[in-house]
Every structure is written in C-alpha cells, then in structure tokens.
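Read through the structures below before going on.
Next come two complexes built around subunit A: one with subunit B, the other with subunit C.
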Partner chain A sequence: MSRFVYYLILTNMLAIIMSPIPRLLLLRAGDGALSGMIVGIIGGALFTYVTVSFFLKYPGQDLIELLTKYTSSWIQIPVTLYFAFMWFIAGTITLIMTVFLLITFLTPVMSIYIISLSILITIFFGVLLKTKSILFTLEILCVLMIPVTVLMFFKMFTSHELDFDQVRLAVMHIKSIPDFTAFNASTFTFMGSANLIIFNKYFKEKQNISKWSIICITLASIFMLINSYLVPIGFTGFDEIDQLMFPWTSSADSVRMKFGFIERVVFIFMFLFVTISFISIIIHWHVAYKLLSSIFRLKSLQIKQQNFTPLLISFIFCAVGLWLTVSFTQYQLYEYSKYYYNILPIFAGVLFLTMLAIRKGATS
Partner chain B sequence: MTEKNNKQEMPILMKTMIQALPASFDVLHVPLELDDAQAHLLYMKTVVDGGVLQQTVIKPFFEIADEHKFAAYMKGMPNRIDIPTTDELLTLFTLGFVLVYAENAYSLLEVRRLGNTEQGETIAETTIHGPQLAFSEDLETNISIVRQHYHQASLYIESQQLTDKSRTAISLIYDEKLVNIDVLRRVKERLNSLDSPLIQSSAELATRLTSRRFNLFPTSIITERPDRIAYNLTGGKIILLVDNSPFAVVLPVVFFDFMVSMEENYHTYFISLYNTLLGWFGLLICLTLPALYVAVTAYSPEILRTELTLSIAGSRIGVPYPSFIEAVIMLIFVELLTEASVRLPRSINAAATTVGGLILGTAATEAALASNILIMIIAIVAISTFVIPMNELGFVVRVCRLFLIIFTTLFGLIGLISGLLLIILHLTDLDSFGQPYLRIAWRSKRSEKKVSSE
Partner chain C sequence: MKKGRKVILFFFLLVFSSFTILSGCSYKGVDKRSFVVGIGIDPGEGIEKKFKVTLKIAKPIPSLKSATENEYAYLVHESDSVAEAIRYLATEADKVFDFSQAKILALNPELLSGDLFHLMDYFVRRGDIQLLLYVIAAKPSAEEVLRVQPTLEAAGENSLYNFFDNTGTESPFVTTTFLFEFRRDYDTKGLSAVLPIVKGDGGGTKFIVNHALVLKHGHEAVELNLLETKLYNSLKKGESGYGYQINSAGYKFTLTIDRIKMKSKFELKNGQKPRVAIKIKAVGSVNESNKLLQLRELDHYNKISEDKLAEQVTILFKDLQEKNMDPFGFGLKYRATRLHTDKVLDDWKAIYPDLEFDVKVEVKLKSVGAIQ
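On to the complex of A and B.
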C-alpha cells in the first residue's frame, strides 16, 4: 500500500477529535458506547479492507473513470451526486466544529465571520489544487505534526489528573447492547480509505494490501478512539461527562506544561488539530469538487482558454460552508451531525453496490 | 593580365561584407601580399585576439610564402568553420570570427578574444572548508572548470546562442546517463521559445525560463560554486552556463535544494545534521516570529505563560499604537538597512549598519516607539534570515514574512496557521520544469541527489 493511503486514513482518524464524534460517544457513555465502538472497529476494519482492496485492483483509475467505463449514466450521475453531497457534508461538519472550538477556546471576542473567513480563504485555494499537490501537502503536514502528536499523547497519558478509576468505571459498561450512533461514529474513524475514490488516480503502481497494514490501521484507530473516549472520562470523571460541550478539548485543557513557553498544553493541541482539520476539510471538499466537476462543466463560464467552473464550485462550497457555520448553534450541530453519522451505513451500502456494479461491468 | 587583375581586386564576398558592416574604426580589412602570394583578412579588431591572429595566420602566411600551401594550411586549422549564410556571417564577425580569403577559397576562423578568465573568490555562498574559488566570467573557462570538477566521459555539453540582441553563448551541461529526459526536453523547449529582447546574465535567463510570469519562488538555483555544480550533476540535474556571467543556473530544483549549504558535505555526520537543523530552525523563526509577536500581543495573550505575557505587556508600556504597526515599521526599517548594506560600497557599509542597527534601535525603545522585546525579535529575525544557505530563498522569505504579518493582523493566530498552510499549498502546487517543487522524497538520502519522480 502506498504511504499516502496511510496518511489519508490517519488524517481522518486524527480529525475525529475536531468532529462531534467524542461528544456523541460520551453522550452514550452509560449505555452501549463502548460495545458500539468495538463493533464499529470491526465494521470499520472490514470497510477499509473492502474499499482499499477494490481500488488496488484498478491502479491509476478513480471512481469517475470506472463509472463512465463500466456502468451506464443513470447509475453514474445519482451516485456521483450522492457521494459529492456526503463528502461535502463531512468537510462542513469539520469546518463548523473547528470554528466553534476556536471561538470557544482561542479567540472568543472575534466575529464568527472573520474566523470562518480566515479558514475558508486557504481552503478555497486548497480545494482547487492538483490532487497530487494535496497529497504532498498532506505528507508534509503529517511529518511536521508527528512531534506534536507524540508530545500530546505523552503529556495526556502521563498526566496526574488522569484518573484510571473513572476509566475502569467506564469500561464496566462494556457488556451493554451496542449503541447505533456509537457504532456509526466509530466506523467513521476508518472512512479515510473512502477518499480513494478520487485519490486512487495517483496510485498508479500495482500494490498489495497485507494483513499487517489492516492490523496497524485497526490498532491506530483503537488508540484514537481510546484517546477520544476514555481519556476525557479519565480527566473529567464518568458521571458528568455528558455535560461538557467540547469534552476532549476541555479535558486537554487540564494538562499543564510546567516549564514551557506555553503553559496550557491545549494551545499546542489546538495548533495540531486546527492544521489537521484544515487538511481534512481540503481533502473532503476536494473529493466533492472533483466529483461535481466530472458532471458539471458550464460552457457559459468559458472565458478565453480557461473554464471558471472549478472556481465557481469552490466558491459555492465556501459560501455554503460559511452560511451553515453562522446559522448553526452548537446543539443543532450535534443533533444534525448525529443524523449524518446514522446514515453512514446507507453510504457504505451504496459504495459497495457501486463497486459490485463496476466489477460486474468490468468482467462482462 | 586578367588573372593578375583578379588577384588585386577584392574578392566578391569580402566586398559585400565590408559594405554590409558599419564603418566602425575596429572593422579591419587587411590584404596580405608577398611575391605572388596574396590573401585577405576581414575581422573586428576589438573582439579578436590579436596575438593569436598574428601567430596562427599572419606569420605563417609570410613563412609559407606560397598561396596554394597557405590555403591548404587554412583548411587544416582546428578552429575553422564553413561559411554560413550572409546574415549569420555578420553576427559571427561580432563574436570574434576572422574571414580569410586565399586562393579563391574562404575560411572562417574563430580567433575570439577571451573575456575575464580570472576566477574570483566566492562571495555569495562562502564556506569554510570547501573550494574557495568561484566561476570566472568566461564561458569556456567555466566549462573547463566544470570538467575539472567532474571527470566523466558521460558529461555532455551542448552549446547554443541566445536569439536576443546580446547573442550570448550559453551551454547546457548534463550527465547523459543520469539526466531526466523529460526535464531536458522542457528546458530546450523553453530555451527555444524565449522572446526577451535582451538577456545579460544567468539570473535573468533563469527568470525568463519559468513559464509563470508572476512568480515568487525561484524555480532554479543560481550558484557561483563549482562544487555545487558537480554535486548537482551527480543528482542528474541540468546546468546552464552563460557567457560573461560568473553564475550558473541549476535546473530543476526542489525546495530542499535551497536549504543545502555545500558546507554540509565537508563536515562529519552529526555536525552537518546540526547545521541543517539550525538552518531549518532559522527559516521557521524568521518566517513566523514577527507574526507570532503580533498574534500574541494583539489577539491571544493568554496562550503564553503568565509571566511572559506580563513582561511583554510591560515592555510595551508607552508604545502609542497597536503591535502590528509597531512590528511592520520596525521590520521595514530592518529591510531598508539590509538593502542599504547590499548597495553601499564595502568601506561605508560598517558605518551604516552601526548607525542604523545600534543607535536607531536604542533610540526607538527610549522614545517608546517600539518595545524592547520587539527590537530583540527583529534582530533575531534579521540574523536568522542570514542563516538560510541560499540567498534567493532569503529574499523570498522576506516577502513571505510580510504576507504572514498581514494575515495575522487580519485574522489572529488562526491567520498565522492559515497563512503558513497557504504558503505550503502554493509550494506543493508549483513545479520546476515538470518536477514537483515541494515534496518529501524518502527514497534518496538527500533530495538534491535525485530528481526522478516516482
């Protein structure tokens, strides 16, 4: 497997901290979150295996190409539109959550428009880049973020405030019936591999998926889920955890660095996760943009030799993103994103059916 | 009778040439005559090496004293070329060619007066342990220097002339076995499609070679060090040498090439690693520190530890304007100082830096126009700009720094992250002759050693 596939999956895993997932999991802390997560991990690993091994069979081809080659247009257009919608919403959830976190923790007096704009300016250009350039950026950021990530886990797990009794208390509930939302939310951790529907175009060499890579990805996701579920419980206690709006960030705020320039470690983490969410939004919206631009190419926007449809799509993304950001409240965000995660099984079903259709078209 | 007349008359081509050339003082037509033998020379005095002409053409003529034998001697000259078309012939005169007529035959000899063949000391990229001499200003001497540094039969040198008014000779140098064919094709295409009226130096050629017009980051390296050229040739890169210019152009480049100092090859592993890290740290500092100051003082003072925030706030007491104005003023002031010390003659240089740096800095803090901490930051930034190994990148960093300050002024700390990300995105989007500009190449030890893409 190309190293870029790992980056795509890992970024998606790290980005769940900047998504509503930690709170959605912790809301069900008493009933079935942990068992839901365990089922979700198995489901997610299966999802990753199926998706990656499917795309490895068609090196250098993305879903758009495969669809036009092997299926008819009445499958192609609705499927592309549906996927574009799903990816756009995934990016938007990250965007709204990031803005809410920033306004709560970093710059409470700044206008929400300005904060959103500061993110969207970069996203606007990032979405329009070549797919290859996005992968290179992703790699550079991943490498740059490794030291911060290591520092983060080191500080979190060695902190005095981390109370293991509370963690044990949470683990006691492992036997309850798996919760549906928790299952879906933890499956989402693995969904980075689904980005291959566009990024597969770059992976031109024939590659294999080994069982070790699946095991590594699973271990990483278990680690991330523990980090986003058990660590906040360890810091803030099991009973009142559902009262916190941003449970993970609030817990991280209790870690201090005694001798550093920056005393509250949460700001270093903010730096890490804002960067991760930037690249995560860019990846998600880039996929949506590529899918959309495979269908729409407006002739009226053709000025001289350049077509301005990509600019228009990116602009619409940013405008809709801004509008959603300013119109949602935090409660609404959690409510609606829960619906989004709950329709993920449908999404996985559509993806698998499309793969089946493509394979059928390819063999006949 | 007719035969004798013919001999005294000027040959036809000579005549047309003399009419076509302007009547400058340095256009010389020299008829040589001894007994029966006769020859004509036509050349420009100022571009032809008189001594060589005397030794290899005029003296032999009088020694041989036979027209037939002299014509045969001319045909055997190693620097002889065939007569091209009339238009081209005119330009060849300006390059130092001599037209010789003997026994009804024309020969064109290259008796070029060499330019400045002296190798100067390295000025732009100095090292302690590396070679101390830079390139000279003469193309052929430079090619021979490259050959001296890189003894490989596969070293391929292509010469051609620019089509602009300067008609400068340039050389394309690469190792045939290592070069990337795709890049070579692109470079040749660009060279042939150049349409600039006048190109005078290798740096100018390098800027004209890039296809984008509005460019911030250079897509080729300008270097004066022969050892860097040899190092890059091993990496399969293409070198462009330009006549009359002591700098060579290296193509294509990746961003990491700008962070390599040749010194690193001449030290032990850990020392060069330390130096490399120092360079990267310097780059990071001089890019972000002023913007970070603005973000921390104007937007989110709570991210620093309380004591540090208090001392920064304490040092800003009495400063009458917001921190970004303060930072921009001081930064522009330092930029002026750097620019001045580049332009000034060396002897006055020290005075300017002392007056500017020391006296104005102290006065600014005493007059409460800037905080002490800012003065320190600006000084650190100025110093760490000089740590960046390649000058070209240093210039770019100065622009990026201002861009980051503007972004931070508008959006706070998130603006800084956003701006940095925008720069990285722009860098990964760039390409240098088809090769990605910024990417991590894990497979080779140093990015500079390999340009082949995956």
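On to the complex of A and C.
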C-alpha cells in the first residue's frame, strides 16, 4: 500500500476530533456507546479492507473512469451525484464544527462571517489544487503535525488529573446493546479509505494489501476512538459528560504543561486540529468537486482554452458552506450530523454495489 | 494580454476589493485589554443581590526593573447573577476584560452549601475561561483574600499561584483543585469534591493554605483540619514531603515521605459486614527525632509509624463516613469495579454507612538521616 493511502486514512481519523463524533459518542455513554464502538471497529476494518483491496485491483484508475468504462450512464450519473453530496456534507460538517470551536474557545467576540471567510478563502483555492498537489500537501502536513500530535496525546494520557476510576466506570457499561449512532460514528473513523475513489488515479503501481496494514489501521483507529471517548470521560467525569458541548476540547483544556512554553495545551491542540480539519475539508471537497466536474462542464463558461466550471463549483461550495455555517445552530449541527452518520450504512451499501457493478462489467 | 488572463485578473481584483468591506480583525491589542487575574465571589448583602463579584485586575507595569511592587485594581459589584455583575463591571473599566489569564476563582464558604449550579455555571459555560484555574474556598471572604498583598510578592508575580500544583511551595498541606476537577468530582455520584481553604491573615499581608473543605451536592460542607488535609493530599493525590508526625511508644519523630500510595479492594461476602481492605505503602526517612536512633532498629521504627498512621487514617475514614462524605472516592471505586446494572448505585448507598475499613500500612524507612 502506498504511504499516501495511510495518510488519507490517518487524516480522517484525526479529523474526527474536529467533528461532532466525540459528543455523539459521549451522549450515549452508559447506553451502548462502547459496545457500538466495538462493533463499529469491526465494521470499519472490513470496510477499509474491501475498499482498499478493490481499488488496488485497478491501479491508476479512479471511480469516474471505472464507471464510464464498465457501467452505463444511468448508473454513473446518480451514483456520482450521490457521492458528491456525501463528500460535500462530510467537509461541511467539519467546517461548521471548526468555526463553532474557534468562536467558543479562541475568539468569542469575532464575527462568524470573518472566521468562516478566513477559512473558506484558503479552502477555495485548496479545493482547486491538482489531486497530486493535495497528496503532497497532505504528506507535508502529516510529517509536520503528527509528531507534535503524538506528543500532545502522550501529555494527555500521562496527565495526573486523568481519573482512571471514571474511565473504568465507563468501561463497566460495556454490557449494553450496541447503539446505532455510536456504531456509525465509529465506522466513519475508517472512511478515509473511501477517498480512494478519486485519489486512486495517482497510485499507479500494482500493490498489495497486507494483513499487517489492516491491523495497524485498526489499532490506530482504536487509539483515536479511545482518545475521543474515554479521555474526555477521564477528565470531566462519567455522570455529567453529556452536559459538555465540545467534550474533547474541554478535556484538552484540562491538560497543561506546567513549565512548557505554553501552559494551556488547548491552544496547541487548537492549532494542530484546525490545520488537520483544513486539510480534511480540502480533501472531502476536492473529491466532491472532481465528481461533480466529471458530469458538469458548462459550455458557457468556456473562454478560449480555459473552462471556469471548477471555479464556479468551488465558489458554490464555499458559498453554501458559509451560508450553512452562519445559519446553523449548534442543535441543528448535532441533530443533522447524526442523521448524516446514520445514513452511512446506505452509503457503504451503494459503494459496494457500485464496486460489484464495475467488477461485473470488467469481467464480462 | 490574453483574454483568459484578463478574466483571472478581474476575478482577483474582485476578491481583493471585497476585502475592503471587511472591518478588519476584531482582535484587540494588549493595550486595549485588562487582564483579570482573579475572580472572587461572596454572598451579596443587598436585597435580591445574590452574589458580590470581585475582579482582581493586573495593572500594566512599563518594565520589571522600574517596578518596585505589584499593583492591582479591584472592581466590586453586587448582583443577582455572576454574569450580570461582570457585565456591569465592564462598564466601569475602559478596556475589555480578558479572562483567559485568570487563574484564581475564590469562593466564599458560605456560598458552598446547597446547590452550586447557578454559582459555577458561568465559569464552565464561558469557553474562554480556562478550566485549569485554581478553585479555592476563601476565608474570611473572597474579596479580602484577593486583596491580600504578601510582603514577599515580587513585581510581576502573583504569589497565590505559587501555592498550588507544586509551582512554588511544595507541601502536603496544600490541596490543589482545578476547575474541571472540582466540577467532575462534585457531579460524580460516589465522590466528594475537596477545595483548599485559603485564609488571608496578618492584616492583608499573608496567605495561609493548610485546610480543606469537602463538598457534596445537598450536604453541608465539612472542614478538614490540618492532619486530615495532609492525609487526604497524601493518600488521594500522592503528595509527599515533610511533616508526618509520629508520637508513640516514647518516640517522637517526624518523617519525610518520598512516595506514598493507597490501594483499596472491596470484600463483600454474604452474611458479613461489607469491608474494604486498604493497603498504604509509604517510603521515606526520619527527619527529626527526640532521641538517638539506631540503624538496626529501622524495622521497629517502621512498626511504630505503621501503627500510628493506620490509626490516624482509620479515624479519618470513619469520621468522613459518619458525615456521609466520600472525598477518597470509595463509591466511585465500587461502581468502577463491577459491571453496570441499575442497582449498583443504590447498593453502594446502602453499603457505605456500614462499611468497615481494614487499613494496613506498610512504612519503609530507608534511613534515619545524617546522624543516628
């Protein structure tokens, strides 16, 4: 497996901290969250295995090419539109959550328009980058950020104030029936591999997926889920955990480096995770944009050799993102993102069916 | 110029001209902020005035060299809610309040019984107040404690910070409670929160931090004395240091403890009283003695210390049990060691009043110091 596949999966895992997932999990704490997560980990590992091994069979080809080659257009267009929608929403959820976090913890007096615009201007151009450049950006960010992130996680896990009795208390609730939302939310941790539907174009060599890579990915996601579920419980207590709006960030605020150059670790965390959520939004929207531009290419925007449809798509993404960020309340964000995660099984089903259709077309 | 380029250029011009409608960052410079270093809350005196809020604000000094001592400004207002009082105080100051540096939240003990929800809500709800601030119970009042100006305080320093979290002084008498910890422990069923008591003394020139206050929802607060506070800090928080007095069998010596650790295990058998076996392990040395000590007698000194410590600890546990307080978190431990059912919490409520403590202390003195 190319190292870029790992980066794609890893970024998606890290970005769940900047998504509503920690809160959705913790809302069901003591009510099937933990067992849901365990089932979700198994489901997610299977999902990763199926998706990655499928795309490794078609090196250098993305889903758009495969669809046009092996299926008819009545499958291609609805499937592409549906995937574009799913990816766009995934990026939008991260965007709205990031803005809400910034406005709550860093700049409570700043206007929401200015915060979202300052993010969206970068993303506007980020989305339009070449797919390859995005992969390189991703690599640079991973190399720069992940060591610091690991150090910060280490600080968090070794903190004196982390109460292990609270964590144990949470683990004691393992016997309840798996919760559906918790299951879906934890499968989402693995869904970075689905980005291959576009990025597979750049993995041209024939590669294999080994048992070990799946084990490593599973371990990493278990770590991230523990991090987003058990660590907030250890810092803020099991009984009242559902009261926190941003449980993970509040827990990061409880960690400190007493004699470090910055005492409040939360600022370093914010910096790291805003960066990670930037790249995560760019990846998600880039996939959505590629999918859309494979269907739409407006003739009226053709000026000499240059076609401006990509600019238009990216602009529409940013405009819709801004509108949603400004108009959504926190309640709506959590409620609607819950619906989004709950339709993920349908998404996985559609993806698998498409793969089957392609395979059938390829063999016949 | 090609037409395509012109369009791109036009587009960029459009984007850049749109920047002019932005008002710029609303970020205010340091000179336009006043940094709140401490927040104090007392009961209000007027009618319908629930709280009296005191803000301690750092006065900017041009440089550390030119400053001889610290100067703070204090703003006080009474109101029915904390947020309202702070909003009112904002009209008394010319600069915007910055709470991100606040590290002290002083609460008057009179406010600490009954329901704390209304009192504490503001500090957790506001995201920019750090959850890492030290919560203290201030005697005689929060305002007086904030107004204390210690003689030893250097310019640019806030000496109250140094007491906590082993930043400056290291003592087993000082309890450190962060805001997030206080909230967590207070809300957890089967655990009581503990706050350090800070006394302002010496006509406003001195702090004394060596007592603690145990709090539980719906109960009267219980004050821990000097010895109890020390035992709590050692056993629960693993604080070590000087000052373990052993006065028994004709010996009178003071121990320094390097490491101390407590483990507990429940033994619940049908037909017997519920018991908790507590094992305490302490490693240290002798610091002061009333007579010469023999190295070969270390085992004997261990034994004396063990008996004395076990006695003190058992008295403390029983005392807290009588008052239905649980700062050591036996209830949480109980809940955390069995699979969850709806009955666990009720079971614990029935068990705790009858619980027997079986304390075993193991002291390991490594030396008697530099002389015999």
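Just so it is clear, the second predicted complex is superposed on the first by the 364 of 364 C-alpha atoms of A that agree within 3 Å, B and C clash if a C-alpha of one lies under 4 Å from a C-alpha of the other, contacts with A are read in each partner's own complex, and residues count from 1 in each chain.
The definition used in the following text is that a residue touches a chain if its C-beta (ideal position, glycine included) is under 8 Å from a C-beta of that chain, and two chains touch if they have at least 3 such contacts.
Note that the structure is predicted; figures quoted are calculated from it, not measured.
K.L.:
Thinking of the overlay built on chain A, is A:Lys130 touched by subunit B (first), by subunit C (second), by both, or by neither?
P.N.:
In the superposed model, A:Lys130 contacts subunit B only, not subunit C.
K.L.:
So, does A:Ile140 touch the first partner subunit B, the second partner subunit C, both, or neither?
P.N.:
Once the two structures are laid over each other on A, A:Ile140 reaches subunit B alone.
K.L.:
Where does A:Gly30 make contact in the superposed view: on subunit B (first), on subunit C (second), on both, or on neither?
P.N.:
The second partner, subunit C, only.
K.L.:
State whether A:Arg264 touches subunit B only (first), subunit C only (second), both chains, or neither.
P.N.:
Both partners, subunit B and subunit C.
K.L.:
Is A:Gln302 touching anything from subunit B or subunit C once the two structures are fitted on A? First, second, both or neither.
P.N.:
neither
K.L.:
Answer with first, second, both or neither: which of subunit B and subunit C does A:Asp239 touch in the superposed model?
P.N.:
Once the two structures are laid over each other on A, A:Asp239 reaches subunit C alone.
K.L.:
Considering only the touch criterion stated at the top, classify A:Val274 as touching first (subunit B), second (subunit C), both, or neither.
P.N.:
Touch status of A:Val274: first partner only.
K.L.:
One more residue to check, A:Thr107. First (subunit B), second (subunit C), both or neither?
P.N.:
The answer is both, since A:Thr107 touches subunit B and subunit C.
K.L.:
Which one hits more subunit A residues, subunit B or subunit C?
P.N.:
Of the two chains, more subunit A residues are contacted by C.
K.L.:
Of the partners subunit B and subunit C, which touch A:Leu117 in the superposed model: first, second, both, neither?
P.N.:
Touch partners of A:Leu117: subunit B and subunit C.
K.L.:
Please identify the positions on subunit A that touch both subunit B and subunit C, taking each partner from its own complex.
P.N.:
Shared contact residues on subunit A: 106-107, 110, 114, 117, 121, 263-264.
K.L.:
Per the contact definition, I'd like the list of subunit A residues that touch subunit B in the complex.
P.N.:
On the subunit A side, the touching residues are 3, 102, 106-107, 110, 114-115, 117-119, 121-122, 125-126, 129-130, 132-134, 136-137, 139-141, 143, 260-264, 267, 271, 274-275, 278-279.
K.L.:
What residues of subunit C sit close enough to touch subunit A in their complex?
P.N.:
It is residues 2-4, 7, 11, 15, 22-23, 25-27, 96, 126-128, 130-132, 165, 167, 178, 180-181, 183-185, 187-189, 237-238, 329, 332-333, 335-340 of subunit C that touch subunit A.
K.L.:
Residue numbers of subunit B touching subunit A in their complex, please.
P.N.:
For subunit B paired with subunit A, touching residues are 299-300, 302-306, 308, 407, 410-415, 417-419, 421-422, 424-426, 428-429, 436, 438-440, 442.
K.L.:
Hey, which residues of subunit A end up touching subunit C in the complex?
P.N.:
30, 104-111, 114, 117, 121, 160-161, 163, 165-166, 168-169, 172-176, 235-240, 246, 250-251, 253-254, 256, 258, 263-264, 266, 303-306, 308, 311
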